[in-house]
Every structure is written in C-alpha cells, then in structure tokens.
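Dropping the structures in below, format is structure tokens.
Next, two complexes with subunit A in common: one pairs it with subunit B, the other with subunit C.
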Partner chain A sequence: MVEGLLGAFISILAPFNLILLFIGTGLGILVGALPGLSSPMAIIVLLPLTYSMETLPAFLTMIGVYVGTKLGGSYPAILLRTPGTPAGACTALDGYPMAQRGEPGLALGYATMGSTFGGFFGWILAVTCVPLLSSIAVKSSNADIALIGILGLIMVSAFVRGSTLRGLIGVVLGLLIATVGLDPIQTTSRFTFGYYNLMSGIPFAAALVGFFGIAVVLSDIKMMGRPSHLVTSRLNLALPKWKDLIARWQCILIGGLYGTGIGAIPGVGAEVSPWIAYATIRNKSKTPEQFGSGIAEGILTPEATNNANTGGTMIPMLALGIPGDGSTAIMLGAMVLHGLEPGVMLMKNSSDIVYGILVGILLSTFFMFLISWQAIRYFVLILRFDRSWLFPFILIFATLGAFLTMNTTFPVFIAITFGLIGYIFESRKFPVVTVVLGIILGPIIEQNIRLALALSKNDWYTFVATWPRKVMVAAILGLLAYEIYKGLTTKS
Partner chain B sequence: MKRLGQILVILITLFLLIPIGADRAQTEDYPGKTIHIVVPWKAGGGTDAIGRGFAEAMKTVVDVSVVVDNISGAGGVTGTVKVAKSRPDGYTLLMNGTTDMTAVLTFKKVPFSLDDLTYIGGFFTSPTWVLCHKDRGYKDLEDFLAKAKANPGNLTVGTAGPAGAQMLMASAIKGITGADFRIIPYSGGKDLKKALIGNQVYAGIIHAPVLLAEVKAGLIKILGTGMPLDKITYPPARDIKTLKDIGIPIEIGITRGIYVPKATPQGITSRLSEIVEKAAKSERFKEFGNKFGFAPVWIPGPKFEKQIRSELSLFEDIKAKHID
Partner chain C sequence: MKERIKDLLLGFGLLAVGVVALLTIRIPVQQTRISSGAKLTYATLPKIYSWILILLVCLYMAKVVFAIWKDRAAEKRPIGGDEPKESAPEIAYSSQKVILLRTIGTVIIVLAYVLLLEHLHFFILTILFLFVLFFVYGQRSILKITAVSICGGTVFYILFIHILKLPI
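Now for the complex of A and B:
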C-alpha cells in the first residue's frame, strides 16, 4: 500500500498534473460558490475536455473540482445565506450570523480550516479502507454483490433528504429505467420497441448528463437576472488562531467521522451528513442555545463533515464500483470512457489510478486551503455577477459530453430527455440522486441475483449462506421494518 | 416576454448542438485524407486495443493520418450499422471481430446483414479457449467432461456473455458430448475473469488471450481451445488440444478484420486491400501482436468473407440444434 501511494505521489508530481489539479480545485471552489451550479454538473462539463487526456490527469482534474466545490459552497452560505451547494446549507446556520456581526473574514476562515482538516481526516480513513475493502471485495461472490447493491438502494431511500416514500419512488423509477435493454441471462429484448440502439439499455452516462447538466440549467433559468446582496464586498480571510481550533477538536473529529462514514454509504453522502454532525455537536455542547447565533463550532462541524465526505465516497467508488453521490457516479462513467473497469477488480488491475485518485484528494485539499487563503476575495467578487451567461456554455459542454460517451447522437437525445425528466423531478422535490442510483445499481443487482441463483441451482438459501450475507439481509429487513414502523406511527 | 426570450435562446442552443458531420467523397488519389477506423466498442477492451494497434501499423504504410473512432452501443451493432450506411469512399472503415457480428446476427434481429459489407481482410485470429482455476485440478477438457458426466447438473461453465460465441461454444460442447453442466452467462469478460480467478465456477469459456497473464503465473489452467493455439506467444500453450482433437467437430475463434460499405468502388477496395495487407505484415503490427499475445495473420478478403459466412451458418446450426 505504501509503495502504491509513494508511486502515485511521484507520478502526480509532474508539473502538468499538478497544474491540472490546481486549476480543477480553483474551478471547483468557483462552481461551489455559485448557487445552482454543482460538482456533478462541473464534472460533466469537463468530460469532453478530459476525454482526450491521459487517464490520471483527467481524473485529477475531476477530483480537484470535486474537492473544491465542497468548500466553495460555504462562501455564499456565509455571505449571502444562499448555500452554493445543498451540503453548504448547514453552514449558513452559523456562518451568516457571524458574517452579519461583522466578522465575515473569520467565518470564512473557520470554514476553510474546517474543510481542510475534515478533508485530511477523510483522506486518512479512505487510504486505510480502500485497499482493505478491495482485498475483501475481490473474494466476494455474486450473492454478496447483489446484497450490497440492495442495501445501498434501501439506504438511499431511507436517508435521502425529504421523505422515504419519495426516495423509494425515485429508486424504483431508476430500477425500471434499468430494465430497458437485453435481459442479461436470456437475452430477451425488454422495452426496446424494436429499436436496436436500446438493446444495451439506456446509456447511464448520457442519463447522468441530462440529470446533472441539462436539468440543472432548466431549473436555474428562473434565477436569471436576480442580483445578489452580499453582506460586504470588501473582505480578507482571517484564519482562526491555532488555540481556537485546538479547543474545538471535537467538531473536526465528529465531522470527519460522520462525513467519511455517511459518505461511504451509497447515495446518502453530502446532503445529510453535515446536519447529523451539526446536531450531534449541538447536543453534546454545554451551551446548545448558542448554536445558530454565529459560533465557530457551527461552521467548523458542517464544513469538516463536508470535506471528509470526499474521502468517504471514494471508498465504495474505488473498492466496489458503487457511487456514493452524483459526482462519483459521473466519475465511474468517466472511468469506462477511459477504458478502466470500475468494480471490485479495479484495485487489482489499475491500482496506479486508484492510488493516483487518493493522492489527488490529499493534494487537492491542500490546494483548496492555499487558494482559499490567498485568493478568496476574487472568488467573492464573482458572487456579485449574474451567472446566466454560463448556461449556454454548460449546455454545449453537457451535449458534447453526452455525444462522446458513444460517438453518436443517440446519447444526446437521451440526455435531453432525461434533462426534462430530471427538471420535473427536482421541481416536485424528488431527489434525482435516487433515480440515478437505481439506474446504476439496477443492472448490477439483477445480474448478480440471477447469477447467484444460477450458480446455486435456484436455491434462495444462497443469500443467507454465509455470515456476511446474513448480516446484510438482517440490515435490509431491519431498515425496511424501521421505515414502515416510522411511517405508521407518525401518521397516527 | 424576457423570460420567453431566454428560454428560446436556450432551446436554440440545444438544437444547434446536434452535430452534423459530412465528408466530401473523393475517388481519385486514394487515400488523400484522414482514414477513420470505427471500432464499435468502448475504448479499453480487446477489440479496441487491436484496432488501435492496427491504426498505428497502418500509419507506417500510408501518408495520411489514421484515427480510431469508438462508436459503441447495442453490442457492437450501432457502430457496424453506422459504417454500413456511411459514404462508401474508403475513408470510413469498420474494424470488428467476426464472432462479434455473427453471434449478434444469430441471436437478434438487427438492422444489418453480412451482405451490407465488403470484406477487405482479416489480420488477427484468437481462438476461444476453455479455462479453469488450478485448484479444480482437471487435467484437460476431456477430464472435465468426464467429471461433468459423472455429476450431471452439478458442474458449471461460465461464459463471457449470454449471446456470444462463448455461449454457442458452451452449448455445442454440452449438446455434442452430452456432458450435463450448467452454463452461467456472466455479463462480459471482466465478470467471468473475476469468477475464474475467485474460483466461483468450475470452468469458463472466453476469447484468448484473456487471462494469459494468470495462465503464465500458474493460477489458471487452459483445458482446451476452439482453434489451434499455434500462434500464441506463450509456447507451453501451443499443444493444447483443440475441440476437433477430442472429437467435437467445431472450430470457434474470433478473427479481427477490416470491412467497408458494400457500395465502395472496386478501385478503392483493391487499393485498400494492399494497404491493409501491408499493415498486417508490418514490423509495427508484429510487435503489437507479440505484446498482445498472438502473432498476426493475413486472410485476404474473399477467403475472409467465406470464413465469416461459414461461421454464421455454424452458429445458426448450433443455436437451432443445441439452444432452442
């Protein structure tokens, strides 16, 4: 493992790679800072640009954006009370009051330090877990993988923001979309209507472009021409003192643990974990009433959680090929475009890329700190501009990205269709990420259930034949039972 | 009104994006511009690697540049149809494996047939082989089949896909020898690879040289092969018995070759055949073959067409006799 990491460090230290990672991080902060633009969307926009690059630099650029957006989302949350990303919403609770009190620089300073330490914390956990989990996962059989997929889907629908019912509807819709194409065992055509392009199913990379690129632009059209009111336009970052940070070590520890742990659960990640960490810290505090009035703990905790997520989502993505959130879903799609095979064999076959991505997270977190420390005022300036001029460019790059997934126009039409579907979904408060996970995990689950049954001569006992499987089945049933119980009791 | 205008601008941008590409046909001075080799699979697979290796070799033969376009989707059908319907000017070539086309024609109704193409030539043949984990301890394919007969319905054979040459080969072996093993269709080579390395199936059928590195390392054993392995770069594997050697009268292996649309003028196809033959025999391509696992071959167009047509009738025969 150490050799792998050191090797990756050496290959990343080429100037071109470092520049790309740096630019990616800066771009990520910018994208995160602009409300309405998100990290999956930025990665989609980058797809056509990274397509012709070598594999490692391409992923370094994407990783930079991914890490950068996590911090960037806190800028407008603190200065405008409009979070730049859904995950930044929690930071606004204490960040905005602190900025109003006349300390916007310090609020941003706490956000920067929280993100940086959270990022390092998540990285340490990811670096330990990925090789460990992959060495176990390589031995997994079809029944195990099917159960992991089902558990992931149940968790998504249970923990996603909003209601479990909406989450479940989203997941099932995703599963339905995933049934289009040839049956994986009998090769019967399903819902292809004789159209041969649909034989291998709805191309999920194109659907992602629609959901995270085109749909976002469609929903943001209504924000066009709205000026933003900053708390203040002139500010400098004021880094908090070391003793103030050390006194609040619990925030970073809890945030880091929650961020990494929840981030590692497929589909749940970024949006919920800051709130859970925030609530935990508030409950532990001797003065919970001060939360929301602009105290440092309220900024440090969500931001640490936020960036620890980046490490957390890498664990299932790199070890199992299962995405933790929208951004990692697109990165998995990009892996296929670059000729990698995401899944349990990735670590065995392409360990250089796995370690490269991990080292990229670490360096990008460091770059993020540097950029925020030295150049924050330029990013804040941009917050005052109308960002609608960006939309045509996003659409152009999203369309190019869709085209490149197959080099035909078919995925472009899929992207446009799913852009409209995604827009309707988001405007009705259905979390799109549940549909996406349904689409991605659906074929994995179906194929593996059927293979497991084929191998066991159609004996369903195979799904509880080993201890890990028993635990997973118990977790699935327990979660379902809990959700049903909660649904029944809250109604009466 | 302003809102409406904004929406309109976005819609117009959307539709302007739908790309339109057209090349002027040029029949004299062939080849005078960039040649596109369409590989109907995603970048990164075996066919793609061979296509890229061949494009490099072609560049040493012609003065123009040669690029690979991966037009994937629908099990290779999208790219194949795209070439069959492209301008027949010799600048858009298809590079695909024989069984990739014949298997899909056997199993599915698809919008192309073997008559839509002109066959320039085949240059890379890899047999389909039968492998197992070393811990299974089978001596060879006959040993495995004997064990399968002794334990009807208990042994499993994985294939890299439910509707490919591997599936047909497994069904034919099962039908002809009467060995009662269960066929497990994995979704593609990578899943079968994992199952073989993890020893989750008794044996697996996949195109050579997949898993050659594991064979060299002693982890995976070759049980048998659909065609002679005489061109393989790993000498100990060269005398593995073929299906014919053990009394199963079929030959299965994949040959990668170049195809152009049917209507391509004779002048261009004959010039192209010369180019492709030179590239197939070039030092550059030999080097690639050494790295990849097999020495290149050269099968001229007419012979290549005959081979692929007899392969299709063999497949249809297997499907009719042993699958339906």
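Now for the complex of A and C:
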C-alpha cells in the first residue's frame, strides 16, 4: 500500500497532472456553488475533454470536480439559504443565520475547515479499506461477484431517496436496458431490431450524458429567469482559530465517520449523511436549543460529513466496482471508456490508477482549501449568473460528449432519448441513479451468473455453496422482502 | 389528481416496455453461433427482467389507482372532513406554457445542432446554436447574446479543434 501511494504521489506531482487536478477542483467548487448544477453533470461535461487524455490525468480532473462540488454547495447555502447541492442543505441551517448575523466570512471559514478535515478523514479510511477489501474481493469467484452485484443493486433501491418500489423499478429497467446488444456468451443479438449501431449495446457514455446532463437542463428550465440575488459585499474568508476548531473535534470525528461509513453504502449518496451527523451532534450537545441559530457546530459537522463522503464512495467503487453515487457511476463508465476493467480485478490490474485516484482525493482536498482561502470572493460572484446563460454551454459539452463517443450522431440520439426518460423519471420522483446502476452492473451480473453456472455444470447450488454466499443470498432475500413490504405499505 | 394520472400514464409506459421486451425476445433474430448446454440462454435473463418489471409496475399502478380512489373518496366527504393534502408547488419563474415551449425547443435545437454538424462548420454552427438557445431561454439583448455567442463559439472552437484536436 505504501509503495503504491508513493508511486502515485510521484506520478501526480508532474506539473500537467497537478494543473488538471487544480483546475478540476476549482471547476468543482464553481459547479457546486450554482444551484441546479451537480457533480455528475460537471463530470459529464468534462468527459469529451478527457477522451484525448491519458487515463490518470482524466481521472484526476474528475476527482478534482467531485471533491470541489462538496464545498461549493455550501456557498449559496450560507449566503442565500439555497444549497448548491442537495448535500449542502444541512449547512444552511446554521450557516445562513451566522451570515445574517454579520459573520458570512466566518461561516464560510468553518465550512472550509470542516470540508478540509472531513476530506482528510475520509481519505485515511479509504486508503485503509480499499486495498484490504480488494485483497478479499480478488479471491472471489464468478458466483461471488454476481451476488455482490445483485446485493449492490438491492441496497441501492433500498436506501435511495423516495419510494423503494420506484427504486426497484428503476433498477430492473436498467438491467433490461443493459441486455440490448450482443449476448456476451452466445453472441446472439438482443433487442437490436436490425440496427447495426445497437449491436454493441446502448452507448453507456451517451446514456449518462442524457441522464445527468440533458435531463437536468430540461428539469431546471423552470428555474430560468430567477431574479439574481445581490451578493455585493466583498467577501473574504475568515478562518476560525485553531483553539475553536480543536474544541469542536467531535464534530469533525462524527462527521467523518458518518460521511465515510454512509458514503460506502452504494446508492445512498451524500444527501442523507449530513442530516444524520447533524442530529447526532445536536443530541450530544449540552445546548441543543442553540442549533439552528448560527453556531459553528452546525456548519462543521455537515461539511465534514460531505467531504468524508468522497473517501467513502471510493471504497465500493474501487474495491468492488459498485458505485457509491451518481458521480462515481459516471467515473465507472469513464473507466470503461479508458480501457480499464472496473470491478474486483481493478486493484490487481490497474493499481496505479487506483492509488492515483486515492492520492488525487488527498491533493484535491488540499487544493480545495487553498482555492477557497484565497479566491472565494470570485466564486461567490458566479451566484449572480442566471441559468439561461449557463445551460447552452452545458448542452454543447453534453452533445459533443455524446457525439465523440462514436463520432456519429447515433449516440446523441441515445443521449436525447435518455435525457427525456431521465426528465420524465425525475418529474415522477423515480431516482434515475437506480437505472444507471442497473445499466452498469447488469452485464457484470449476467456474465458472472452464466459463467458460474457453466463452471458448476448448471448446478444452482453453487450460489449457496460457501458461507459468504449464503449470507449474501440471505441479505438479498431479506432486503427484497422488506422493500416490497415497505413499498406496499407506505404512501406513494 | 393530475399528478396521479401522470403516474398512471408512466406506469402504462413502463408496462408497455416490459411487455414489448417479453414479446420481442422470443422472436428468433438469428441462429445462435455458439450452442451450449447452458441452462441460461441469451433470452433467460431478459425474460426474467421483463416479468419482474411487469410485476413491479403492476404493483406500482395498483398503488396509484388506490391513491386515486382514496382521493375521490376524500373529495366526496361532507364539509368539515380532512382535505386531501396537496404538495407545495415548485417555484417556477415562467408560465407553464413558456416552460413547455423551452423544453421542446431545447430538444429540437439540440437535434438540429447534431444533424447539421456534418454539414456546417463547427464554429458557425456553435455560434448559431448558442444564439438561438439564449433567445429561446429568454435573453432579449441582441447585442449581448451575439457577443457571448461569438466569444463562446470561439472558445469552443479553439478548445475542441486546436487544443484537444478532436475529430469534429
């Protein structure tokens, strides 16, 4: 592990890689600061730019964006009470009152320090867990991998926001979409309807562009023409004193633990963990009634949780090939585009990329702090821009991103189709991330199930032949039963 | 009620997807090139997914129908009963008609951009694309949107064609 990390440090310290990581982090803060834009969208927009890059620089840029959006979402939350990202909503509870009290710089300072320390905490846990989990996962057989994939999908639909029934429908739809193209074992074409372009399946990058780029633009058209909030004061970051931070060490510890732990559960994402951490620290406080009035603990805790999430989501993504949230789902797709094989063999076959990504998170967290400390006033000014100026540029990136996957117009039609599907799904409260995860994990699950059966001479018992498999099957069935019961009894 | 109807329509759409998938996977498109004695063939998992999708969507639609029935029963209650709770309307800064036109316009303009990409120069097309979209999205200062479109088109041209050397 140490050798891998040192090797990655040496690779990343090349000037070009550092610059890309820095630019990615700045872009991430910018995107996170704008309500309506998200980390998945920013990464999708970057995809066409990364096609001509080497693998590591491409991922460093994406990691920079991913880390930067976590802090960027707190800026409008604190200054305008409108979070830039869903994960930033909790920060507004105490951040906005503190800003209203005449201390916006200090509120932003607490957010920056919370994000920085939370990011470092999540990184330490990720660096420890990823190699450990990978060494266990690499010994797994086809049956184990298939069961891990199925369990991952069930967990996604169990923990995703909204109705679990909708989550399950999204997952199964994604699995069905993933069967389009040539069958991996018998090479029979499925659902191609005679179209040559569909023989290799739905172009994955185009589907992602549709879901996370075009669909978001279509959904946010109703937000255009919003009167610009006047952020006129020249803001400077006011870093809190060290003794104030040390006195609140529990906020960072609890935020870090919740962020990493919950972030490591596939599909949960960053939205839930800040609220759980906030509630925990409030319950532990001797003055819980002060929460919501603009206290430092109410900013430090959710921000530490948000950035610890970046480490947490890397654990299932890098060790098992199961994305933790929408952004990591896109990164998995980008891995495939760059010729990598995400999954349990990633650490074995491409350890340089895995350690590069992990080191990238650490350095990006450091850059995030630097950028926020020195240039926050310029990022805050971006809050004045109306979406009608930004969305055409996003659409160009998205369209070209889809076009360049095959250099034909076909993937763009796919992107538009999935954009419309994503728009309709989001409007009816179907979580789109479940469809995406179904598309990603479908081929992995199918191939491994069929190989496992072929190797065991069509004996289904192979899926419960060992204790870990029995536990996984029991977990799958138990979660399914619970979800169906919950789906039938809760209101839609 | 409108929201429930929309849920039901989406349910019908998903049901149609499941049924079509089930029917079309049975059509032998071509002979399998590699025969095997495997229990799972090319059609097994798509059929399983289709059936599960149909079942889940039927459950979903049953819930929606039940909710519609409950809403209607609540409407028929005498005065003084509980009113069905409406969710808070989302904030929108334009009328529904404008939003719909902008949504349709966005899809058409993106389609047109892609179809014309092989016929018009990237630089000119991108400037036109930006100009039209800014106008559709409500910007009315022609000078401003012309300037931003030209600057944006130039940046994209330099970035994609000269720096990244992408084959557009």
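Basically, the second predicted complex is superposed on the first by the 465 of 492 C-alpha atoms of A that agree within 3 Å, B and C clash if a C-alpha of one lies under 4 Å from a C-alpha of the other, contacts with A are read in each partner's own complex, and residues count from 1 in each chain.
To be clear about the criterion, a contact is a pair of C-beta atoms (placed from the backbone, for glycine too) under 8 Å apart; a residue touches a chain by one contact, two chains touch by 3 or more.
Worth saying up front: this structure is predicted, and the values here are computed from it rather than measured.
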{"item": "Contacts of A:S141 with subunit B and subunit C, given as first, second, both or neither", "value": "first"}
{"item": "Subunit B versus subunit C as contact partner of A:L455, first or second or both or neither", "value": "first"}
{"item": "Subunit B versus subunit C as contact partner of A:I416, first or second or both or neither", "value": "both"}
{"item": "Subunit B versus subunit C as contact partner of A:Q447, first or second or both or neither", "value": "first"}
{"item": "Which of subunit B and subunit C A:F191 touches, first, second, both or neither", "value": "second"}
{"item": "Which of subunit B and subunit C A:P392 touches, first, second, both or neither", "value": "both"}
{"item": "Residues of subunit A touched, compared between subunit B and subunit C (which is higher)", "value": "C"}
{"item": "Contacts of A:E341 with subunit B and subunit C, given as first, second, both or neither", "value": "first"}
{"item": "Which of subunit B and subunit C A:S200 touches, first, second, both or neither", "value": "first"}
{"item": "First (subunit B), second (subunit C), both or neither touched by A:I221", "value": "both"}
{"item": "Doubly contacted residues of subunit A, that is, touched by subunit B and again by subunit C", "value": "183, 185-187, 189, 214, 217, 221, 224-225, 388, 391-392, 395-396, 399-400, 403, 407, 409, 412, 416, 454"}
{"item": "Complex contact set, residues of subunit B against subunit A", "value": "2-3, 6-7, 9-10, 13-14, 17-19, 42-45, 48, 69-75, 77-78, 81-82, 107-111, 153, 156, 162-163, 182, 184-187, 190-191, 193-195, 197-198, 200-201"}
{"item": "Subunit A residues within the subunit B interface of the complex", "value": "138-139, 141-142, 182-187, 189, 194, 196-200, 203, 214, 217, 221, 224-225, 336-341, 343-345, 388, 391-392, 395-396, 399-400, 403, 406-410, 412, 416, 443, 447, 451, 454-455, 457"}
{"item": "Parts of subunit C lying in touch with subunit A, wherever the complex brings them together", "value": "6-7, 10, 14, 17-18, 21, 24-25, 29-30, 32-43, 45-46, 49-50, 52-53, 56-57, 59-60, 63-64, 67, 90-94, 99, 102-103, 106-107, 110-111, 113-115, 117-118, 126, 129-130, 133-134, 137-139, 148, 152, 156, 159-160, 164-168"}
{"item": "Subunit C contact footprint on subunit A (complex, rising order)", "value": "48-49, 51-52, 165-166, 168-169, 172-173, 175-176, 179, 183, 185-193, 214, 217-218, 221-227, 387-389, 391-393, 395-396, 399-400, 403-404, 407, 409, 412-413, 416, 419-420, 423-424, 427-428, 430, 446, 449-450, 453-454, 458, 484, 487-488, 491-492"}
